[in-house]
Amino acid sequence: MKSARPLLAFGAHPDDVEFGCGGIIAREAEAGRAVHFIICSHGEAGTNGTPAQRTAESKKAARVLGATCEFLKLDGDAHLEVRAAHALKLAGIIRRLRPAVVLAPSLEQNQHPDHYRLGQLVRDASRLARYGGPAHAIDQLFFYAVTPEAEPAGVPPVLIDLSAPGVVATWTAAMEAHASQLRTRNYVELQLARARVHGLRAGLEYAQPLFPNDPLVFDSLAAVTRSARRF
Amino acid sequence: MKSARPLLAFGAHPDDVEFGCGGIIAREAEAGRAVHFIICSHGEAGTNGTPAQRTAESKKAARVLGATCEFLKLDGDAHLEVRAAHALKLAGIIRRLRPAVVLAPSLEQNQHPDHYRLGQLVRDASRLARYGGPAHAIDQLFFYAVTPEAEPAGVPPVLIDLSAPGVVATWTAAMEAHASQLRTRNYVELQLARARVHGLRAGLEYAQPLFPNDPLVFDSLAAVTRSARRF
Amino acid sequence: MKSARPLLAFGAHPDDVEFGCGGIIAREAEAGRAVHFIICSHGEAGTNGTPAQRTAESKKAARVLGATCEFLKLDGDAHLEVRAAHALKLAGIIRRLRPAVVLAPSLEQNQHPDHYRLGQLVRDASRLARYGGPAHAIDQLFFYAVTPEAEPAGVPPVLIDLSAPGVVATWTAAMEAHASQLRTRNYVELQLARARVHGLRAGLEYAQPLFPNDPLVFDSLAAVTRSARRF
Amino acid sequence: MKSARPLLAFGAHPDDVEFGCGGIIAREAEAGRAVHFIICSHGEAGTNGTPAQRTAESKKAARVLGATCEFLKLDGDAHLEVRAAHALKLAGIIRRLRPAVVLAPSLEQNQHPDHYRLGQLVRDASRLARYGGPAHAIDQLFFYAVTPEAEPAGVPPVLIDLSAPGVVATWTAAMEAHASQLRTRNYVELQLARARVHGLRAGLEYAQPLFPNDPLVFDSLAAVTRSARRF
Amino acid sequence: MKSARPLLAFGAHPDDVEFGCGGIIAREAEAGRAVHFIICSHGEAGTNGTPAQRTAESKKAARVLGATCEFLKLDGDAHLEVRAAHALKLAGIIRRLRPAVVLAPSLEQNQHPDHYRLGQLVRDASRLARYGGPAHAIDQLFFYAVTPEAEPAGVPPVLIDLSAPGVVATWTAAMEAHASQLRTRNYVELQLARARVHGLRAGLEYAQPLFPNDPLVFDSLAAVTRSARRF
Amino acid sequence: MKSARPLLAFGAHPDDVEFGCGGIIAREAEAGRAVHFIICSHGEAGTNGTPAQRTAESKKAARVLGATCEFLKLDGDAHLEVRAAHALKLAGIIRRLRPAVVLAPSLEQNQHPDHYRLGQLVRDASRLARYGGPAHAIDQLFFYAVTPEAEPAGVPPVLIDLSAPGVVATWTAAMEAHASQLRTRNYVELQLARARVHGLRAGLEYAQPLFPNDPLVFDSLAAVTRSARRF
């Protein structure tokens, strides 16, 4: 049975969550957490793949990862704007689904503009959902980085260990479900190489980084004494 | 019975650990973790208190917190320098005591020079202890801030909740053990006000911040889903 | 008689100015400076208080501080957007009122979105008011921080000493005028603890920080030789 | 008669103060403030000029500016190290001379190593002078930038207006007193162009920047309402 | 004959390109590169000059520099907003003109809001032009700084040497073509002083800085071994 | 025949240059540039390998890359300190060898202390070599990152394309020459994964980053128009 406190991951395009934090999703779902994706376009401005193909790929990838997904209409692929109405709409989703953890694309601006704008909207929505009613305060908002240059500079990230058996295989299968996007570029290899670098830094086979928006609160240091950084 | 994986806290002066992270020490010791202090001077250059008084105050404060302490001779109060021999000496202590977590003063340079220099030495020592033999890789190095301006800018900290009954009272008693230092300044009130501000930001009564030197590694997000930030 | 060169403070919600820089307002008004607030919503999206209550609280608080206030219609609470038309409207207010000093919420983005967006609008407005006619160049734009996480990182602020008799009492009364906002949270205590920490750092009873947008220009260093930082 | 609260300026080489903040020195001395230079080498490792020539040039430049100067032996030109003994020696000078304002080379590391190391030593000395006895707490430490790349990035500086009649002429004469250093490079023109750029930004003929180490503390905003930034 | 791979420079107002990177334009055009300007307003909100005058000045300045120019209607002077439609329109221009290098105003927000917003739009457009069809990937996007405070902090820029005979004279003539803007301010002198400071830092007569948006890619270090920094 | 303007690379340990920038060395040597290594310890404090073994491995690796190497005695492995005498000794080497380009470990402090301290010493030495006689001004100092966390944050690097046939094979052979260091860790795989990530970001097979210490100076933009960044 899935946990009552779900993880909610937002993506601007059908493959953003899979490429940016799919290994973590695989790990969390396998550990029994309910995971739900909100995908804010059908990738209709991309070079490859029709909206129908990309929608199908997204659903398949979510199924592979053990997550559910839904599509949300905002401004459309390559057209996303930072509008108050969007933030309030996302806040409404947070109020309704009451997630413990929310994941969103990072705020670094030198990436696809839909990515960082969605990150801004989710950050604002997470705050707005705390006011008025029915209010919901999430536990933590983390940012993920779809591409290497989207990783925030100068902040030690939280690393999630992906070394458990099957996690990377599941993640790889989810990325490969986005077949239309893999015709011309080595996106899967890029993400696996990134996860290998992050993992090797910490003495792990593979790891993916998350970037916390707010302080991490702990009852004691017992929760945080499993680093194994070696180089 | 105390945990086999101790916490090791370094201070440049007899009261640095108590003022900078004493609430966290109280919390960890109460939770059953062995805590040991390495104090690198007797405060002999301070305005108030003789070295003998300050040594006694330090021992009393450690006892109040449930920790043990020892004094280490480096260059003396106000004379600390960043020497390779010091880093290697501290690495030797880490090799011997094999702590899980190490605490040291932050690296921000606009504070007492002994503070940030000790922070640099402990950071280097934690790395050097991983090489040669007998090697010991700690789980995590955290920095604490003795004063507000020593908090690193722009990095969301780890907050440890000090709201459990008795924690703040124990911490306050430990700070007040440094009676010689409280004649002219409101250091205790300053630290309690800081902990109140950090706590209120997160919906807690009191909290103290720590600043991780390296990525925090987790098996899953289950460990980090207890933030309750409200404002 | 009030000074001919007024201070103009912008707030996104009825209580932002009071919580973020109310002590400074009390100090300036008491010193004889005309202070005027532009409040850009009636707090209609908040958890507590009706727009009518909040409007009345705002007027009372301004009166307590010795300031005047008016409400400006932009997009409404939780709906503020960065529109060129808003910046030009604010520039029009600056052209009309010709303030010497302007205060606005800080630009840090991890706070209520109305706060940092209003900060951006006021910054742009202060610049736009210098072009075309009737042009007005303000002396200085300062940002205030409504909450601790809104303080810009890594920049030494300007601190205004609030230790003069009556200043903190007046400020506290102004915060308490926002009674509807104090039912569930210790906002007043949070702000007093912050001002205590800022003050103690500088050897003062209480102080509030401001963050300059531009270089501070002085005829000589005589103006800036009253720091008394002690810790 | 000179003010009882002197300005103390530290330089690593005989011409650092003149090139980095000589216009400000001219302005302060003319306004009646006692100014004293501590020069920490005779420039003996430079390309041009003998130690004797450079010492004479320094004395002449100080005289032109209306300041007094003395030479302090630390490690010698190009040999300066960050030693605790040096910081304590500089603290001793601060205890003795009891300056209100201290000026030192900036901490940016991509400049001559003697510059940023002296900056570190003076920063530490200013703090150490507050402890033990006879203690002296200065009002403010400012950093100056000998060359453009030594200006700290991202911090709005304090600008001192050099537009009053005679100030730039006096400063220029003081720079030209270092004749041995002007054989091969346009240092004077470089500094005047810098001051022109800083001034024009603020609507002034000429200005030089200073970078505060700590918060600036004011009784009210009346002291800081003379910015006139225009572009 | 002009190069087949043109340089495309975007400006928010008729004189932005000339003041911010006109020396570089003069150098590139003289070296045989085709240069084209896209000017996104007629300066109709400025203090001086009618739209007709400013259009004529712009055309004259482009001619002096050896460039061509066209005007693009977005939101008008002082009204520019960050709209997805604008980014897509600019991406369309990039798809059509297929430039090798694109120049845009920097992203620093403490400048005229039209400047940094246009910089954001051009950055997003350069990325969006790579997707869909007909796709065009530019070689490099550089930012230029219209005023000193618009230079990004903390990043070593690319400097283009303007010391070749005639380059500064051509640039000066192009700035002076904007006669309506020079009635009240020394903009030309400001820019020449800036270029002198940047040049003198590198041992050159004059230089202007550019700030790369992405990594610079080289086949070998042979391309980058002509620095001559001296101070 | 080798170029008359050599590349000089400094390493703290026998394998630092090979792991941190060995691909670039392979590329430059193959392109005909003389490359020389200065290695500042024999790795005598490491976990694996005797000084004799490591010296032999270093010589073999340099030979594989087409470089020459020499060992320099400073303080020994894990003992390096920032001493003025060291910087002056390194400046003497620069004066003697007159390199065009110098490579040194990066200044990021969260790595082996010998690395960043050597980086500081080389930076200072490159500057000190410009003064006195016989002076030598290098064209450019670049920093390399031995490990991922040593990459400076927030600065777009210079990327050198390693996609030419044979370059990665030569580099791999040079890393594998350090056989004693490869018993327990996947250092070679880590570096190849890093180079793959850097390359894929720019549309290249493999690339390594360098971080410039100073502005890059170019005669025109023709030199910098070969970026091909794609994601």
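A, B, C, D, E and F are the chain letters, set down in written order, and residue numbers restart from 1 in every chain.
FYI, a residue touches a chain if its C-beta (ideal position, glycine included) is under 8 Å from a C-beta of that chain, and two chains touch if they have at least 3 such contacts.
Remember, predicted model here, so these are calculated numbers, not experimental data.
**Student:** Using the contact definition stated above, find the chains touching both subunit A and subunit F.
**Tutor:** Touching subunit A as well as subunit F, we find B, E.
**Student:** Please state whether the interface between subunit C and subunit D is built from the same residues or different ones, using more than half shared residue numbers as the mark of same.
**Tutor:** same
**Student:** Only C-alpha atoms count here: how many degrees separate subunit B from subunit E in terms of the superposing rotation, rounded to the nearest 5?
**Tutor:** Nearest-5 rotation angle for the superposition: 180 degrees.
**Student:** Centroid of subunit E to centroid of subunit F, CA atoms only: how many Å?
**Tutor:** 35
**Student:** Using the touch definition from the top, which residues of subunit F touch two or more other chains?
**Tutor:** Residues 82, 149, 154, 201, 213-214, 230.
**Student:** Determine which chains touch and list them pairwise.
**Tutor:** Going through each pair of chains, those in contact are A-B, A-C, A-E, A-F, B-C, B-D, B-F, C-D, C-E, D-E, D-F, E-F.
**Student:** Report the residues of subunit F in contact with subunit D in the complex, numbered from low to high.
**Tutor:** 82-85, 87-88, 107, 120, 123-124, 127-128, 131-133, 135, 213-214
**Student:** Please name which positions on subunit F make contact with subunit A in the complex.
**Tutor:** Answer in residue numbers: 147-149, 153-154, 185-187, 189-190, 193-194, 196-198, 200-201, 230-231.
**Student:** Write out the stretch or stretches of subunit C touching subunit D in their complex.
**Tutor:** 5, 7, 24, 27-28, 31, 33, 100-101, 130, 137, 139-140, 142, 154-161, 164, 201-204, 207, 209, 212-230
**Student:** Which residues of subunit E touch subunit C in the complex?
**Tutor:** 45-47, 75, 78-82, 109-113, 149
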